[in-house]
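Here chain A shows up in two complexes: once beside chain B, once beside chain C.
Up next, the complex of A and B:
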């Protein structure tokens, strides 16, 4: 398999290099360029998940164009793709980007400007969930990438636990229980008394921190902004840890996945009191997860309890992740590339098919409007997840996304962890945060500069 | 110049061409980059010229200092253990009185870890050192040495020690072979003379073997220093793709360089770090070289 893939990359590299010989960087007046779909060429697509496999099959059948999907694991995606985009050698015609990279790449000359001729994507502005469409714009307001999905978040919980503890499993009732961080803590205490843990780990509430005071990490003056909400959430996280409201199952760990299915031992993580809690088992009540978390993470890991889950809102709205797609500006196969991007993001027939197949939340309004009233998810006891998620998506402010988010989120997560674990005081942790941000991004102004 | 000379140049030309492209050009380019604020976008020649700013930053960078200390700690423990182990084994196997059999077999076995790819070694030790299900904790618990599992890679000291020990395990066979060859190279007459004069094993070792091995030892220390200060793979792989382990204790100088370049895309600064690293290695190599030869002067 591997060899085949490398051979493919090698061959396509050879192909591209030879096809480039003699043509040089000829600047065609892109505005008048006409797109031709050359069916003899293979459309090359790069992505970081296998999500596009099925759509590409659909595309091959519908358009009669051969495609080649290269999947690079998330942790290596940026470091593999960027050199290829810089040099143009072996580059894809279409590539996707996760939210973490979208803002980093959108102001670089990687993606074709879809606002210009002959694409004119601007006229589609009203067809999309606004925040999704806006994130795909560069600093000049040009659309560079589009997305077929919207990924607002919610709180996904186990109904049977709600019934046992509160005698009511209705999403509206649970939303009331979690409507503010104070209430959230009260609910956590009630669940604890009954032998349950409200969350798998305390880091899960970081999304609410962002949502409760939505400001970008870095403002337009290039200053780092640490909101009071973020600082308050340090204490909420510490409270969750100190009061043993969580199962201490780190996100993405095997214990975390297992907790969706049933009981797990309380894992003291890397804490010294691990022996004290050894053997004690508990059950996790709910997860702070977005649309894809419901379909691709929780559902496959909770097959036995399907139908007894609920979806509701937490203390504040948020979104997590999302994949954007665009055309490589140096592609020699833009015609087919555009057809594929169009199909993925603006083709009612395809998107209907995709919705039926996955149940995923789409960003394309003509389809969402049609299905939102009748949508229901059997996994969620027939709850209408579509209406819920669409309402949450409306509350999202796209202007808080910056190209620094991934890096700064990681740094912040690490210092907060050191605070929670008692390795640093709050002030020392915040100070360390400023220092590390400055170290990673010298161009950002932090309070330490003053 | 006659035609014969011309052919000479023709024959050595390939090396110089290849070396210029893959050796000298990158060295000069990164030197140039270290004077710019290049962010890895487009050509480095379009980046802003910032003069010595990156080097000024390097001198004040406490994270780099921490990486420097981490690297020395990891290398220091490793080189002491590695030399001691290799020396003891080499002395035992070359002892004229013991005349051990099967030296070449042992030599091969000692050298074996060095032939493994570093990534598999890292993976292997991640399994062995895993604090919940690892073999090491399992063994120690059963033997009663510890009462609860030790989180080897979760605490700064043990994490650094783990990496040191892995490095020792990887390299002692290599050092053993060099020292063994060095001892073999010493004329047997000295050992026989020492034996006839009634010198004990310890006396022979300290008065004969060790002084005559000095040049070899210097070679081993300097090559290990050059390699050790560039330590990267094991800390990178054992700290979840370069996150740096507990409290950044596994961030070595090269890992720091890597993160600056490929994680934060500060290529200009990373180039300055690379040159800083080069000078550090140069200075310490001279220091070791001079220091060990001093007595003879």
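Up next, the complex of A and C:
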């Protein structure tokens, strides 16, 4: 008898709690939970760059709320953040994610749902560059993260070389020269005849491969998609290598940085001191780089030639990188957290200040609309980089981003390299690619399964 | 005679070369800490740059953490010192105690326990990291120094090393003599055994200190509040810059963080050398 009684109590408690849990999310949307901004609490923000340092100072002054920024290096960010978010111990109120992590985290209960009350971020849909806004949505279409920037890419080139080779350094003219991969190769040949190299290394065109046939690596059925464009670009890369159109200076290597400043020896590779490498010297014509590449990579490394660079589009539009920001779902300080996210992504006054300070491409349209006609960059000989990048940003298709991108991109890059170096045939390289993807992500279906 | 000189010449040349190979990375580190970012990116020279002060200012700007008294890298120094010194003292004392226990007493399961210690030595601590995190979550000791300091009481390798040291240097007659004179077991340990073990303790202390000073992974996972970060984790703030920025400041921070280790080595190295040769001659 007694057991039955306890069983009854147990059952009813289970029922009550499950019904309560079921009510949980609804309650927040119905009862219009009010967000209180507690000024005595410290707002804790985690990020992988120091980009938020200045905005947080601005926030402290404007709202009188103390903040604490924790920077975790990129390579440790995910492994440090995830256990903290899972356990909630010492978790931040606001945290950022770069494109590689956004898709992994967005379907997990880490970020607060900003589509619901009291945030209503859905109303802002038209205020942002579409691709930026769409990447911040989870699989149910709820907005979980926002971004203040857009990071479309372009082709950044040295004007004086264009003048010497073609007698014209106008961005529209150069865009014409690079408008398709066939034209790109022709331009590369002309540059080679004149003693220049169109690119530092052949891997740089990987972004165009994605842009020319924008399909995600993995489709809805969890099948790996290797587009014809990607396969064609294997040949383009090989052609660049075989015809000696590049300087063989790998991205982020000392030679690569040095090539922005002036002449470098061919095939300096990862050599520490590029001047020691013997061989014919050459000069690189241009770089496939997005917004941040212009401001933070090329500008600081090409100080002596500032004012004689140009920005134009390559064979296809692409984007590279980007940082998204959201509120931790378990935060006890959501009021202040929301104020900060709002300021960072939807505050005209702040974003105007930020634009003037950094010149970075914003994703918030009310500000970009205002500045896009007057913006110009002295580094680019007064060219309006803002209008250019905004136009490129509109062309981007956000549906190609998957949570596998970083991993699969790396695997693909490696097998393509083996192909262009002649270590593997094309078919063997593609097969190897399927095998490695299968190894890394057993849940993905590859053509090998059939 | 000439032939001997010739061979000697070759030997010295080879040794100089080896010394250079060992020292060049250090020289690079120190020289690069005086050069600006673009200079570093473009290649290496042996001529120091002029950006030392700039690098320092930039470093302090990025490590913008303070606990009220200490700021930036000095805060990292303070935290690292607290952790490393506590770890060194605890590990030195308790390992000596354990090692002495294994040496002096016969008890049931002594062999099994010792083998257990040997097995523990073989397992890298990184493997237990997840469980360690969960354990501390349950004990509510996350974001404190307890998980960094207290576990060092049990350091298998130090125990093993010290026991071997005792076996080779300590004569059981010494203990018997003390017992006959009426000393209790603890004062035997403190007054007789500990002084004899001092060279071994000093040797192991250097390694423990370096290990604790350079420990990155465990503090990174355990500590959450920036003002509690030890030096290596704090240096992560410099990596938060834009693409390949702050290289000069990073070199400077690394150079500064190595300094205490070099000093510790200088003070304790004479003990190391004497304990390496200890026990090599037996009467």
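The working rule: the second predicted complex is superposed on the first by the 408 of 450 C-alpha atoms of A that agree within 3 Å, B and C clash if a C-alpha of one lies under 4 Å from a C-alpha of the other, contacts with A are read in each partner's own complex, and residues count from 1 in each chain.
One rule holds for everything that comes next: a residue touches a chain if its C-beta (ideal position, glycine included) is under 8 Å from a C-beta of that chain, and two chains touch if they have at least 3 such contacts.
Here the structure is a predicted model, which is why all the values come from computation and not from measurement.
Peer 1: Contact-wise, after the overlay, does A:126 reach chain B, chain C, both or neither (first, second, both, neither)?
Peer 2: In the superposition, A:126 touches no partner, neither chain B nor chain C.
Peer 1: Residues of chain A touched by chain B versus by chain C: which partner has the larger set?
Peer 2: Ranking chain B and chain C by residues of chain A touched puts C first.
Peer 1: A:70 contacts which: chain B (first), chain C (second), both, neither?
Peer 2: Touch status of A:70: second partner only.
Peer 1: Quick one: classify A:440 as touching chain B (first), chain C (second), both or neither.
Peer 2: first
Peer 1: Classify the contacts of A:220 with the two partner chains as first (chain B alone), second (chain C alone), both, or neither.
Peer 2: neither
Peer 1: Would you check which partner chain A:304 touches, where first means chain B only, second means chain C only, and both and neither mean what they say?
Peer 2: In the superposed model, A:304 contacts neither chain B nor chain C.
Peer 1: Quick check for you: in the superposed arrangement, does A:407 touch first (chain B), second (chain C), both or neither?
Peer 2: Touch partner of A:407: chain B, not chain C.
Peer 1: Have a look at where A:82 lands relative to chain B and chain C in the superposition and call it first, second, both or neither.
Peer 2: Touch partner of A:82: chain B, not chain C.
Peer 1: For A:90 in the superposed arrangement: first (chain B), second (chain C), both or neither?
Peer 2: In the superposition, A:90 touches chain C alone.
Peer 1: Give me the intersection of chain A's contacts with chain B and its contacts with chain C, in residue numbers.
Peer 2: 79, 274-275
Peer 1: Under the touch definition given earlier, write down the residues of chain A that touch chain C in their complex.
Peer 2: 47-51, 53, 68-74, 76, 79-80, 83-84, 87, 89-90, 252, 254, 257-258, 261, 272-275, 292-293, 295-297, 300-301, 303
Peer 1: Under the stated contact criterion, what part of chain A meets chain B in this complex?
Peer 2: Contacts found on chain A: 75, 79, 82, 86, 108, 270, 274-275, 407, 418, 423, 435-436, 439-442.
Peer 1: For chain C, which residues are in contact with chain A within the complex?
Peer 2: That would be residues 37-38, 41-45, 62, 64, 133, 137, 142-143, 220-221, 224-226, 236-237, 239-245 of chain C.
Peer 1: With touch defined as at the start, can you tell me which chain B residues reach chain A in the complex?
Peer 2: Where chain B meets chain A, its residues are 40-42, 57, 61-63, 131, 148-149, 151, 154, 241, 247, 262-264, 266, 269.
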